[in-house]
């Protein structure tokens, strides 16, 4: 029974994930006094890409072909792990919150390889930067989760969800996690999804060589990743009100916040991003300290 | 009484050897010093008429007073080297240092061997300082032969010690030692020849091929 | 007491057997690998010589692990270093190898000197080299002596294990050695250092104070982060692997340091857990590091270079090697569902529950959280490092003529790699049983209560602590992954059935061609890291332009290097000082016989003056 | 009785080889002489190991200590005689060499067996004089220079030692009316001697004989002599001569310890030991001449021996004596093997020697292993003796000097390895070609290495009892 619920929730998540992306885009455009693409544009894109023929570099190897599948697979597996629409559904044996981080890392690993696979200079540059940022983001993310789980008394998903009291430590870790989230989902202060200048690309540069179905897979995976991270934020760090309604409300709030943030601030240089991530790491440590002090 | 006198004059000889500039003078002084030792031993022998000491005295006369100086002066004739033996420090300073050495040995004996009776102590001080002065000559005189003589002076000092503070170290040891000295001087002489023939000088301080 | 007698007493307790197992695990494939690897590289006689040496080397490692007598241990230990030195400098023409060997054995010797001191200090209390006697004696040692001994052991064994700051020999020796030797050295020999640390510090000396554990943890963290950082900077494949060995030693030592502090925080269960995690990582590192060195070796054999900038495109030319290397890279980057992931996950759990448990040790919580962060950073950097290693040397287009004609080597090289690849999967998937055994080992050797039962929820899944609803059943996880994968694949196959795939030139935003020269390079890949961590790495660049006219630059040379902080500011200066002093002291002996006699005189005077002092 | 036969044999062999000018046959005579002498000394050892000292006509006195040193001399002089055969196989009329060789060995045998200390002093002096010509044998500038320094410095030292002996005699005769210089009687009178005089005497003794034993800072003759002498003689010098004169020191220390206690003597020796180690360590680092390198390593090892005495205790003494034995073996091996290399390359300069492992596989590997042996790596026996000495140090609480010993050993190891790996590895010079090596010499190397290895694992009871007897003598156990 539980399994089926989980499946259902996962499918729901997969279905809903692109919407969040679309929503954020729409909001951004509205704030900029533009009309913007329709909310369902992401779905259109994915389907369109599905329909297209694909071109693959002859220098590429099976890594290039396999990477999108692996990327998507890990993302979906992570969707299974995180609580989204129905709070505590987690099946024991699938590990804990750390596993989610490791899973995302797996997908990233292969995408980075794929970026190098075609021998395209931009791909290489992209994957280099991607790995750079992610390796710096990892400690911040982990320690913020660490702090939350300290408060919860376990790294288990259920425990984390159950622990719901506002504390300074939780706020700090939540903030740290959110900063990492922006970095991981290629959002503005670190990266810019809408850029069309290869040299400023980070995440997109990795995918330059992709087309057609593979690109669809990757975009879907990207939306899923964003979905996962936002759900984690919502469930682990914003502890009031459980149940689907609250969840969706909080989720949309986070999206809105992100949209506003993105239009109001400018993208950083790559090496300022380092300070940004270290800052978030420091906040997460501060969260641990706060927890020790019991506030 | 006159024994002390002789001992002191041995020291005097040592000092004058420190003061000596020319090699021939050094050899002569050495012969004189050895002769004093001979007198010392001979008088000892006369006092307690032991043949052993007579023989020793004879040995000294034969080896140290006659043979070795002759040998040395022969070498100096053989190898045409200027008679000066090259001083690192001039005579004044040398004598000063020699005096210091004497003081050192005085300090040493008086501090560490207080039990010793008076004249034995005095004799020991003299012999030690003669020995060290011999060492000093070996250090601060450039020419090879000077070093040989310095070695001999050390021997003399030690012999003085042996003769005065003990009643002569056991007999055949004494003989062995003096022969040994003789052989040593011979061998050193041979090496002086070789050095002279190879380097055309006997400035030992120029022998510094081997370093570090 | 008429001289020492070596008595060949052996003991086979759980720890020794565990390490013996590791030795077998690595040395058998390496032996097989060496057969194929050495032929063609060396002359027949030398190969035979090398084989004999290798055999002796393996035997001495066994001797070290199983000896129940400290003296025997010491002798076997030094013999091990000596033999491995001969193996490193196998080819007498290699000036570089001989220099590397020099640094290696010198460091090893210094380490041994410290161990010798420690042993002798203990011995002068115990009066016997028997390990049991040592153990009894250590109970009554005064604290000061204990601390001294501990520090001696830390330096001694840390040197062999390649713990920062005693690691400098490692990046020299491992790359220069023949690849199968590098495999054994990185796979096992440095673990023998860990064995010594466990045997003598943890289970003989005992953990006396909390700061011991903290010190170990700090060094471990330094090794982990620093090692992988330097690895990331390398473009020499084997050197990169050597540095990553330092990183992994750091990770292992994290577990061991965890044990030490948990013992002092009286958390026996956690202590056992963390030690078991460390043991787990020891196995894993043994497996994948050996595998990776073998991969690098077969590249070196066929392409004649281990410089990544000259490689590329090998995934098509040497598919087997590529696949094995890929799996190894995934495992060492701690990615699920492979074995590296398991041990790092366990370590994270250990740190977490340590932070949770140490209620009375408030600042330990922050410390442990920081360590967890560093572990995560290490993981991230490791991933980057191996993306670079695999991506640059196996993917895209060959970067040199010789690489274009490369091909997979014979079976004696392929088979061990495949075997080890299989092991990676086995030790990853069946984590539960393995971990049960390891906790058994840890519990039995540490004498702490056997918490093995608590750590495995059911046969197949790991649980750091009962009651905390956290279980990891890797079989389930990977099963899920595979299922989802198949599902996704088939779905998308179905959806886009009739779409055609065309193979063309790489687009590169319209640039006309991709060849070996305009691809992304290893140096370029690591550029951001070099800039971000420039405060440690201290990069500097050499540029030289040769221009025949003002307007035309004929050739342009550009190199980027990083400095080794420790070498620059500690080892080199010390060594230079010593040499300068030696050079100066030569002045004391300028060949003047007068001065020599003067020395005698001075010695005499000195003794005369200071006679009363003696 | 054997001792007299032994000495006569040597004299006879010497005379014979003097009269047969021809190199090879003289060498054979010498070798056989050495072998016979060795046999005799083995017999003596066997008898003396029992613990009852032998007195022969109240002139020779052979107890455990002398026996041990007899063994040491016998082994290395035999090996050296054998090596000389190969070394001089191409030169004619080496009769004089062999004559001196025999006299040299004779005098060393004499040193360790004679009872009268005066005679012992004389014998030590004779070793100098005999070996002087051996050092200057090549009779070129450097050789003569070395010989001159050797003779002068050693004579100075010896003369100072004589002063010490006289002081000894003085107090003995004044306290106990002793009329001769026999060691046995002095030793018996030991506890009646005036401590202050004994201390004063001991200074002169240790500096005097220490000069010949190559303790820094009196060691300066040593590298010159070793580098200039023909290789066999270098081996003999550092293999045996140094120990023989250290034996003299030990004899006096035994007497002195009766009245002033062992620690006083130990402290002085310890001081010189540490200085020797330091000097050796730093001079070895920047050495260019291979034989000088080995010479300094001899200084180092004599330092270790005297440190063994400093640390004292049964362990310290045992370690020191055992170390002396091991060093004699290993150092001879080193000189022999590097002699082969030097002959091949025609230079002592280590910067000009490259790729020796390729040119002379056997000799080079022997040199390499021997290098590890003298550097004190297990499983070679020197590790064991050094370990014992160190143990004594840590046991008796000499933490600082033991740590210093460890540090210097590490530096010296580095220096040796640095030089040797640069000589043995690398590309061989173009004009060199791998030549076949003399089987006899290779066998010699093999045997010596085997000895070193075997002693590392197990000390045969014979040697053990011998050293035990020696240390008993030192501790005055009857």
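Per-chain residue numbering starts at 1, and chain names A, B, C and D are given in the order in which the chains are listed.
Basically, a residue touches a chain if its C-beta (ideal position, glycine included) is under 8 Å from a C-beta of that chain, and two chains touch if they have at least 3 such contacts.
Only a predicted model underlies this, so the values are computations on that prediction, with no experimental measurement involved.
Chemist: Looking at contacts between chains, which pair has the highest count of C-beta pairs?
Modeler: Highest contact count among chain pairs: A-C.
Chemist: On a C-alpha centroid basis, what's the spacing between chain B and chain D, in Å?
Modeler: That gives a centre separation of 31 Å.
Chemist: Just curious, how far off is chain B from chain A if you go by their C-alpha centres, in Å?
Modeler: So the centroids are 99 Å from each other.
Chemist: Round to the nearest whole Å and give the separation of the Cα centres of chain C and chain D.
Modeler: 45
Chemist: Do you know which chain D residues sit against two or more other chains?
Modeler: Only 148-149, 152, 156, 160, 199-200, 223-224, 283, 286 qualify.
Chemist: Give the residues of chain A touching no fewer than two other chains, as numbers and ranges.
Modeler: In chain A, nothing touches at least two other chains.
Chemist: Touching two or more other chains, which residues of chain B qualify?
Modeler: Residues 108, 112, 135, 138, 147, 204, 207, 209-210, 212 of chain B each touch two or more of the other chains.
Chemist: For each chain, which other chains does it touch, given as pairs?
Modeler: Touching chain pairs, listed by label, are A-C, B-C, B-D, C-D.
Chemist: Chain D touches which residues of chain C in the complex?
Modeler: Spelled out, the residues of chain C in touch with chain D are 1-6, 74-75, 78-79, 82, 89, 92-95, 97-99, 101-102, 105-106, 109-110, 113, 116-117, 120-121, 123-124, 578-579, 581-583, 585-586, 589, 591, 593, 596-597, 599-600, 602-604, 607-608, 611, 614.
Chemist: Touching chain C in the complex: which residues of chain A?
Modeler: Residues of chain A touching chain C: 50-63, 69-70, 72-74, 76-77, 80, 92-96, 98-99, 101-103, 105-106, 108-109, 112-113, 115-125, 127-129, 131-132, 134-143, 146-147, 149-150, 153-156, 158-159, 198, 208-209, 212-213, 217, 270-271, 274, 281, 284-285, 288-289, 291-292.
Chemist: Within the complex, which stretch of chain D touches chain C?
Modeler: Residues 148-149, 152-153, 156-157, 160, 199-200, 203-204, 207, 211, 217-218, 220-221, 223-224, 264, 267-268, 279, 282-283, 285-286, 313-315, 318-319, 322, 355, 357-358, 372, 377-379, 383-385, 387-388, 390-391, 394-395, 402-403, 406-407, 409-411, 413-414, 417-418, 421-422, 424-427, 457-459, 464, 467-468.
Chemist: Give every residue of chain B touching chain C within the complex, in rising order.
Modeler: Result: residues 88, 104, 108, 112, 132, 135-136, 138-140, 142, 147, 204-205, 207-212 of chain B touch chain C.
Chemist: Okay, in this complex, where on chain D does chain B touch?
Modeler: 116, 118-119, 121-122, 125-126, 129, 132-133, 136, 139-142, 144-149, 151-152, 155-156, 159-160, 162-163, 165-167, 169-170, 173-174, 179-181, 194, 196-197, 199-200, 223-224, 227-228, 283, 286-288, 292
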